[in-house]
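Shared between the two complexes below is subunit A, which pairs with subunit B and subunit C, respectively.
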Partner chain A sequence: MYQSQVMNPRLLLRVPGELYKKGIAFWKSLSIFGKFGLTVILAMIILAVGAPFFTWLPHNVSSGPALVPPGGDHLMGTDEMGVDLWSQICYGARVSLLVGLGTALLAGLGGGIIGIWAGYRGGWIERVIMRLIDIMIVLPDLPIMVILAAFFGSSLRNIIIVLALFSWSHPARIIRAQVLSLKEQGYIKMAKSYGAGDLYIIFKHFLPELFPILAVSMIRLSGMAIVTEAALSFLGLGDPTSKSWGLIINHALNFSGIYFTPFWKWWLMYPWAFLTLLITSLALFGRDLERIADPRVVKRN
Partner chain B sequence: MEYAITFMVIITLNFMLPRMMPGDPFLHLSGEGGEEVWAFTAEQRQYFIEYYGLDRPLPEQYARYLTGLIQGDMGVSYYYKDQVSSIILRRLPWTLMIVAGATLLSLLLGTVLGSFSAFHRESWKDKSLYLLMIVFSEIPAFLLGIVLLIIFAAGMGLFPLSGAMRHFANYTGWEHVKNVLHHAALPVITLSLARVGGIYLLVRNTFTTVMGKDYIRTARAKGLTEKRIRYYHALRNALLPLVTRVALQMGAMVGGAVLVENVFAYPGLGLLMRQAVFVRDYPLLQGIFLVLAFGVLGANLLADLLYRVLDPRTRGQETA
Partner chain C sequence: MVLEVRNLSVTYQAEGAPVRALQEISFSLKEGDTLGIIGESGSGKTTLGLALMGLIGGKDRVEGNAYFRGTEFLSFSDKGKKALRWKHIAMVFQNSLEVLNPVLNIGEQVGEPLKKHLYLKGKELEARVEELFQLVGLDPQWKEAFPHQLSGGMRQRVLIAMALSCKPELLLVDEPTTSLDPVSRKEMIELLGRLQQEYGFTLVVISHDLSCISRLTSRLLALYGGRVVEEGLTEELLEDPFHPYSRGLINSSPHYFAYKDLWGIPGEPPTGQEAGCSFHSRCSQALESCREGVPALQQVCCERRVACHRGGIVTILEASGLKKEYRLKKRVLQAVNGVDLYIKEGEVAALVGETGSGKSTVAQMLGRLMKPTAGDITFRGEKFYNGVTRQENGIQIVMQDPFSSTSHRLTVEQVLREPLDINKIGTSQERSSRVREALEQVQLPWGTDFLKRFCFELSGGQRQRVAIARALVMKPALLLADEITSMLDPSTQANLLRLLKGLQNSKGFAMLFITHDLELARKVADRVMVMKQGEIVETGSSRRLFTDPCCCHTKELIDAAFGEHQHVHKSHHHPHTHEHVHKHKTQH
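Our next item is the complex of A and B:
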């Protein structure tokens, strides 16, 4: 019987069909802002992944005269070295998204594990972790990150590590709170009385419940990470070998007297617009997801 | 107690970090700027390392650092060759001014707009304001600052491009105040705009909750005017959570100020911090970081105490 199910081609099609249906249902549950945000994020991901297909000029060496206004071959003009700006922006999307994704994964998973551990185990470990989280919350992150970026050296990998180091507290806190309330649920207690092991309970019962909250938190984290990377690059603490949008802005602003020239109209405005668009989209999408994932918010309204 | 631990963590972190930084202040001093290259000989290096106490064991350096700190001594800047505390004191007022100004302005704006939205709940006014605020609250301050700088300073010439006051001008009295305010206007507006969204959302929410409370219904039943109910009965209770919110936002506010100062070349601690990072000036960096962190922590401590005074419900019960 099992075999006949596998052999049936209609059943094979059911899985992508289900996914498609779920996708449509998810899309419909989003508000107009969530739809907008998701569209922009997907477009940016496509832009970043397919950067070689969308650009026709090199992103790291000069391909024309310096400071050409947008038009002709240079879709968005060139910078002071004659490097095409559109190519820089496409490849810069890779840096921004990599930082966002890397930090979100690292901090989200790390914070999630810490949160589950603290909530599930309790005891002095929980107290220490909670105290640590309290400290992390009041610390002013940016000055610390400036110092850490200077201290670690500002390669892309280090920036992601520093960002993750200072953003795990948010997912850890909400996951712990959720675990605490889950732990008291009847079915968890029942599973325990049937002799379910810790790992079984965590994987089988906790993770499916925690995943939506963690996903929302990770979207928030990635937005925060992209902003902070841009801020660090803007301060001149970015990775000089991988040109992010923040670094383009930094270069443009370091061009003395840029405000007295027309150059800012493309050199500064385009990276600025892309950065702002991506950040705002992530925030709007995250806000919408929060509304869907957390039923309490809906009740409150 | 919590704060004491946090203070110690910050001080220790502050002590350890620069010592683990790669690079070497002497290396940097000897190769900076291209033109004024002067190489240190091995003896000179040795002399300076001993002079600044960098060859001692770490615990001894730490003890020295702590005792110095208590006496208000943050060491000597490698780069500026001046007391760190006096350099910071010179720059601190500018940062304090824009942070305080932005906090007040964002509070004022957030409260006014938030209560406006709460009273016109679900109307098109509320909805459009809500959308605007959400978008604004997500744009980081320095990106906002760049746009304001381009539009109002470079484009229209309404505000100065950089600095905190006009140089080579001897203004007195009122003229001087006007000049300083004129320079501070854009940084303060930028920071406030970036922060106002969070306050707006909080006020809008709490106001709506408060307006549904029993004591508001009582006030209505007494026949009080809508104005008196809103601004005397509701406002006081709706503003309470703001105390905590402002303190919690202080970290983000200070971070924003560091960046915004760099956008507007405003001579506060943020600008100084960037310069210190570039020349690897350990003591100066430490000092700036310490002052910023203490400022944020102090604000939180203050808010905790203030909340206890303002909210009678927390009085009498001991919260650790």
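Our next item is the complex of A and C:
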């Protein structure tokens, strides 16, 4: 079937059209909050990717007098070194999104695979994995992350790995539970009785069924990762070379007596606002996605 | 021996090609024997009667031998045959206006053989005719009536009176109950039974009516295309036919077991031109090799002979000592505790029992969805292997819940193609055409829109049909239907069941129909197995089991389902031919 579809050129032309239609249908199925969330997330991604186009000032060296309030050349003012804050936020979005996305992908896919494996295979493998997940859940992540970050050195890559190490258990648990119930479905049993292999069942039946759930979980993870990275940076454990939003806040708070000055109004408020906006948007979009994770809902609309 | 027939063949010289109406029939009858002859129209039943009466002659050829009390009489001259006719061998012709002379009153007609053969006259004749009238339960005042003034039942009585007039030793009765209303039918059967017991003549009943046959005869011949395809004791043969044709006749008989749905034998009667076994084109278990050579009538067990290349209906699946245990924390739960069962080719076997009796577990083990803890299963004589559910002519299962057995996320086409795709059966086009064919069979639309519909858009009934179509795509030899209608409304259930039974009848696959609903089982099943607490407690033909259950649990079930127990007491008790398994459960 697939072969004949690929060979048919008309069908190839139809694919972008169908994607477009599906995109429209998806957009329509979102609630107003979901639409807001998705718009903000897309805007943030555009901002991060096209950072050089949105700001003409450097984000790491001084480009004017220190601690200038917003207005004029400096859209959001400058910090104590005279570095433009808007530039910092634009480039900082890259770091935050990279951490969020990287962690979500790593933990989501890793956790997903572990979950499928545990649920599908069962037996002692499942028991070992489940105990491991239990341990991961009871471990207090932040203190350990602080130690690990301090121990391994705080490069961006290490932070992503550490974050992923502490967040795979959540998707793995959800996916395993789902696989367990899917495994008992008649159509899976039928496929097995027809001689379907493990890979066939996983790719043809499990993944399409699990993907929406995994996507929801990954969006939640990315929100969590961004906050945690900000927290680590705020504690001074972030990658000092990467100007993430958390690091901006860390710098601002390290400025002794910031609350006695008006500087916090821009130096602290803007990165905080962006961080909050992104996290809120991710949460809203994630919540909406969860609602429509069941494909039946999309189709009906 | 009253009658012995050896290799009797009759060929009618029709315009063009000769028609072989009877081919090499052999049987013998002792004093007082009763023999039933069943078969479709055109199978040669009446020809057999006519040939024995010596009424076939002229251009039509009669070959073979027939001995009456040791003397060959087919070679007799017309005169010799006439001497034998009526006096020794008499026939009750099939009831119609034409058999009686319309211008003679019936008294004269009944007296005619008496005059001719016994040379009775005057008062003596009168007395004998009146006696005969009374014998068959007809008021002698009807003597003066003409045939057209009589009812069908009365005419039948006149015909019997005529046949009995000279006290024959062998009576042939052709279709004694056709075109009679139920009351006359019952009276006629009782009359014939009473007369046979009183006079002790040897009786041959030719009939479509199996209940009449089963009441009147002790042995039975099934004729097909002029040949005997099965021979046996009437009770045993009707309870457990060995030839697919006999089974078809029983399934299409409305009188034999009234509750069962009627399904005729698919296909057309034979033309006589078939090579090999003449039934092979309509047979559910025909092989290529059935086209070669005419099967001989062979002994399969005592008192039973079958003409089939495969030795009668083949057992397709056999399970013995089937067990399934679930280990709970402290105790072992016996879901299925030593089940022995078999399913024959082309039959509908029902597995009934209460919820939790282990029916579905048995089905899942037979469908290879679950591994038995212990026990052997053989399919077509081979030990169970993985391939049985992955090949054509294998086993397919349809589950109870269509919403779970078909993925809501896949389209109808994807669901139906899955077994073919996984097992790489056929080319892409062949797969598509088989998908369409299967959809057509289950009476679903098979256009592209429907093929592209997602399963979640379908109703429960439609989805169950899709699930059945998926099983049919694999052309199963055995279909396991596990409570397939329990989630459907009555109307959908009726449609689906009739559809499935129709498919079963035309395709000829075997079916294990699992249900807790005894009404449904009674409608569709040829054979019923009753399960209780993981064991089969009783098995038998559905007629026997529903009318005359012998296990208390079956009685309980039937009482619960049908209100009161419909136990049919028969005047002549027959030995139960069913197995009655009663194991003592070991407590765990």
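We take it that the second predicted complex is superposed on the first by the 280 of 301 C-alpha atoms of A that agree within 3 Å, B and C clash if a C-alpha of one lies under 4 Å from a C-alpha of the other, contacts with A are read in each partner's own complex, and residues count from 1 in each chain.
Rule of thumb we're sticking to: a contact is a pair of C-beta atoms (placed from the backbone, for glycine too) under 8 Å apart; a residue touches a chain by one contact, two chains touch by 3 or more.
Note that the structure is a prediction, hence the values are computed from the model and not measured.
Novice: May I ask you to decide whether A:L284 touches subunit B, subunit C, both, or neither, giving the answer as first, second, both or neither?
Specialist: Only subunit B; A:L284 stays clear of subunit C.
Novice: Which partner, subunit B or subunit C, touches the larger number of subunit A residues?
Specialist: The partner with more contacted residues on subunit A is B.
Novice: According to the stated criteria, A:E209 is in contact with first (subunit B), second (subunit C), both, or neither; which is it?
Specialist: In the superposition, A:E209 touches subunit C alone.
Novice: When the two structures are overlaid on chain A, which partner does A:W264 contact: first (subunit B), second (subunit C), both, or neither?
Specialist: first
Novice: According to the stated criteria, A:P143 is in contact with first (subunit B), second (subunit C), both, or neither; which is it?
Specialist: After superposing on A, A:P143 lies in contact with subunit B but is clear of subunit C.
Novice: Please indicate which partner A:V227 is in contact with in the superposed arrangement: first for subunit B, second for subunit C, both, or neither.
Specialist: first
Novice: Return first, second, both or neither, reflecting whether A:M190 touches subunit B, subunit C, both chains, or no partner chain.
Specialist: second
Novice: Answer with first, second, both or neither: which of subunit B and subunit C does A:Y120 touch in the superposed model?
Specialist: Touch partners of A:Y120: none, neither subunit B nor subunit C.
Novice: On subunit A, what residues does subunit B touch that subunit C touches as well?
Specialist: Subunit A residues touching both partners: none found.
Novice: Could you pull out which subunit B residues touch subunit A in their complex?
Specialist: 2, 5-6, 9-10, 13, 17-18, 20-22, 131, 134-135, 138-140, 142-143, 146-147, 149-150, 153-154, 161, 248, 250-252, 254-256, 258-259, 262-263, 273-274, 277-278, 280, 285, 288-289, 292-293, 296-297, 300
Novice: Can you name the residues of subunit A that touch subunit C in the complex?
Specialist: Residue list for subunit A touching subunit C: 1, 3-4, 185-187, 189-196, 200, 205, 208-209, 295-296, 299.
Novice: Quick one: which bits of subunit A touch subunit B in the complex? Just the residue numbers, please.
Specialist: Spelled out, the residues of subunit A in touch with subunit B are 33, 131, 134-135, 137-144, 146-148, 150-151, 153, 223, 227, 230-231, 234-237, 249, 253, 259-260, 264, 268, 272, 275-276, 279-280, 283-284, 287.
Novice: Along subunit C, where are the residues that touch subunit A in the complex?
Specialist: 367-369, 386-387, 389-390, 397, 399, 401, 404-409, 415, 417-419, 421-423, 428, 454, 456-457, 470
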